[in-house]
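Before anything else, here's the structure in question.
Chain nomenclature is as follows: A, B, C and D, assigned in order of appearance, with residue numbering initiated at 1 for each chain independently.
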């Protein structure tokens, strides 16, 4: 295969953090959300997960529900203890059926844990008082932890960037280029934004699958401020591993373009990074992005239409570029 | 136009993050407060705004009022629920007219939400107790979020810098230079402060408006510590896009000087950035800044007078420099 | 000794932060956990410890127990005050034996400190009210501090990396190399990971022990993303201070390899660093690491088995490499 | 003066952030604590201070006292309101003399502000209930702010470094050098520590005082880890502005050595910076630092004795170096 011969002459990128032995890895390297496609084994679950990282990356609804669940569970636990201690140690309880009694101690527990402490029900005697003393302490610490988690979640520096679903092979100057684009979708401002592209290609060498990685050159690697959309352009010239690949070659080859974006968010005052990847089936042959911004009616501001991020139209590629690929 | 010809020979700065097609953008690029002059469309409002960024950048009074409003709204909501459940589920209520009853349940709600829990009014029975159990939980989480927001707001690294309102064309060495100045106005210290200047100029080429961007050279790009005022000097020599522009040219051309300042704040221990811009009408021809600092009476300290930040006086420019511009 | 002569020709690394006079230092430079092996003297204990650093690095169980201890201690203190003031200043106390009375005021103190304030017991008169006013204030501030500590602890950027217990001398290309490996063990992602190796060797020169430091060259100093395990390779070529050392030389010489790893954690959005060191007895002659990752069953993901981090097998080293060392 | 002539040939450092016109500045540039010796004017006090920076840098005792003062003040204010509303709106008050009544409402206010809410006293009627509703809200927000301040204070990245009180002129290689030293005094670890030295010298030129700044070359500008003490060495060779200055010259000249240290704290995971300065009277001619670390008794650890940080002994300087200065 000609491709193989060509790739041999290109300098590979060895510092991707992925090995080159394809029989040792499975599936794509980076998933669409930008996480490494890796499962860890050989450490206990407590060690394998950073619970803080997990809580930070959990969906909002799930996170709130989890907090509520913990709240209910702790109160059920303490309600059980108060119940065992005996409701006669709680002054003011409207006692009755066991269920009624249990709800009373449950609500007393909640009033203690949250430190509301209405006082209609209050502990008397050493045991109940000691338990409630501990519960109130635990309650405040729990809310201290929750405070930290909330702050950690919303102050977590994130790059609010959307990527076009597809990467395109587009006419560019006298030849062709691989392009995709990205845009900030929130009221944040990113400075000094940098992009790195790495192409992973799986080839068969002497009957053995091997992963090769290549850094892809970008026309404009860094921009000062990301205010509008940004189209990343990788010109497919002779030094590119894409050079000479036909539409069919791309579809048939196991290619993955890994994207890494780094910038400085001016509100977080912190560096933020994000990743994504495009595999063969997400690369469109012979297409061109449509403009996605325009001035507003009174010409005083620029409107960025994020709905058009993946808007493209089919265009013919220059014969010479395709010929060159033959 | 001679200007156009000259600009063709200068290297443009392509990594500003703004496109070069003027018919696609509207108004100035960066507003005086330093934000990109862009509106976003095509994403829902929930996705378009980072509520955290919004809360962080809100004016202090508005932020506090918003918190209070949320507090009142939540209590009205819960008061409604307690009212529907029935005030007979709340022991100790001084019942009376519907309005009186509603205020009683409203205050009970507030006492629960804030976990004051005086206990004069207290829930009896399952429903009211369950609602108040949930409300106290919600209350603590709300204050956890508020704690995070307060901390986020005041710990947000910001460059407390003021810029002179105008940029001046001033005699400098044998020729002229564009100058403006900036000064720290709070009890903060900035280290390793760097400035980048980009000039945007809109020109007509073949009947089509085009934006061109040029990086402007600065005499002293970086200083170790920003203790006093700092005058940024862009010498208008042959490599400058300003070279050869007359007072009238500047007024008639659509020019914008975008300023980007980056430094390390020693109290926040964090990088901070700030931006501003000067448009044609903010550039003063033939003026010079007055000194803005002087020793104090006993000569033991230096006094920086921020009231004089934009103090300048008109001065004649050297004939040669103006002649050169003809 | 030939070693000494060879080392003389190699450029030492003088910026390790450790002096070169071996009689002034004791033991290994860096312990296995990566902390400098230094004791400080001559400053008072209050100045010598940053209590915040101490609280941040304390084991979780110890930290929680310490908080609980402080809680109990403060309540005992305030219980003492209320007891001295007299329990007749606390309405609602079920008085009895001194012990009974003390437990009552202790629980009242806890109810005040946590702001539960059931109200069965409440202060009457100026003194008890004033003390409880202060205690409630102190309580809230204490929980404010606890909140900060919790957040500080779990938001503290850490590099969750495990290192192989041993460093190996392994066949590599035509010669040999020193290798060890590291792997991320939690659900975190590190970008732009960099390693620095410094070798410390204690030699006798003119009857005086001297420490010499050498920077060790690494085959791949930096990787873009640390997704799988990473084997650090230091080729033992002529410029290496290891060149020519036999198995026996290594065992007999006082060698320490100090490892410094720096990366950017994408969840913390912060740089993280970690250190470790390998001494002579932790270096294995003639061994090779086993592969520690493989595809999962359906070939869709890669499995990283952390239990195999230090898995190696003995292998013969190439004669030439060993001969070269003679 | 020969000094003046020599200085003319040295390259000045223009990016110190201080101007070169001595008649415009007063006193030393940087005080011993490392802050710029500048007073700001021309902005209102609210704008001139970042209250957060102020609260962060306040001494601990003063900070706690301020919080307590605010707590008392707010309660006095609300006590005044409840008093005006009338104590008959507060059920459970033990009324009596006006003073007695005022203390009762004051303690009720405190119980509301801290959300203890014992409930012995509780608001009845709209006005008192509304005021207490607002006060409880304000109370929680105040403690939210306090939480943020506490966290901000103790998580504030600081370089825990001590500097020797004096800088010494010491024999070094064949000549002399200016030396001072610094050491970390807490249980923190600094990586990649860098030092910058700038010398300010005030000279009279044509009857006008001028400040000149020179970057001083350092023998070892950066170290990997700051574990022990670090002696900063500026060799006084021909390119040094100190070259040729005698003991008397130094004493008679208005010299200031500004020190800037930057490092990465591994517990804060953040860059930290610190500054100090040495003026003429703090430079000792002909002295040498004593060793400040030694192995512990069992030779297993290194002991760093911070009490010896400024320990030095007088030593003669080489004739040649002094001759060279004639």
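The working rule: a residue touches a chain if its C-beta (ideal position, glycine included) is under 8 Å from a C-beta of that chain, and two chains touch if they have at least 3 such contacts.
All values reported here derive from a predicted model rather than from experimental measurement.
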item	value
Centroid comparison with chain A (C-alpha atoms), farthest chain	D
A-C, A-D or B-C - pair sharing over half of the A-B contact pairs	A-C
Type of chain A:chain C copy interface by residue overlap (half), same or different	different
Computed distance of Cα centres, chain D from chain A, in Å	39
Rounded Å distance between chain B and chain D, as computed from the means of their C-alpha atoms	28
Of all residues in chain B, the ones touching two or more other chains	111, 115-119, 147, 151, 270
Chain A to chain C touching residues, read off their complex	14-19, 23-27, 29, 35-43, 47-50, 52-54, 56-57, 91, 111-112, 115-119, 121-124, 126, 129-130, 132-133, 136-137, 139-141, 144-145, 147-148, 151-152, 156-158, 196, 198, 260, 262, 268, 270-273, 275
Residue ranges of chain B touching chain C (in the complex, touch as defined)	115, 117-119, 147
Touching residues on chain B, where the partner in the complex is chain D	67-68, 71, 75, 94, 103, 107, 110-111, 114-120, 143, 146-147, 150-151, 154-155, 160, 185-189, 191, 193, 220, 222-228, 230, 264, 266-267, 269-270, 291, 293-296, 298-309
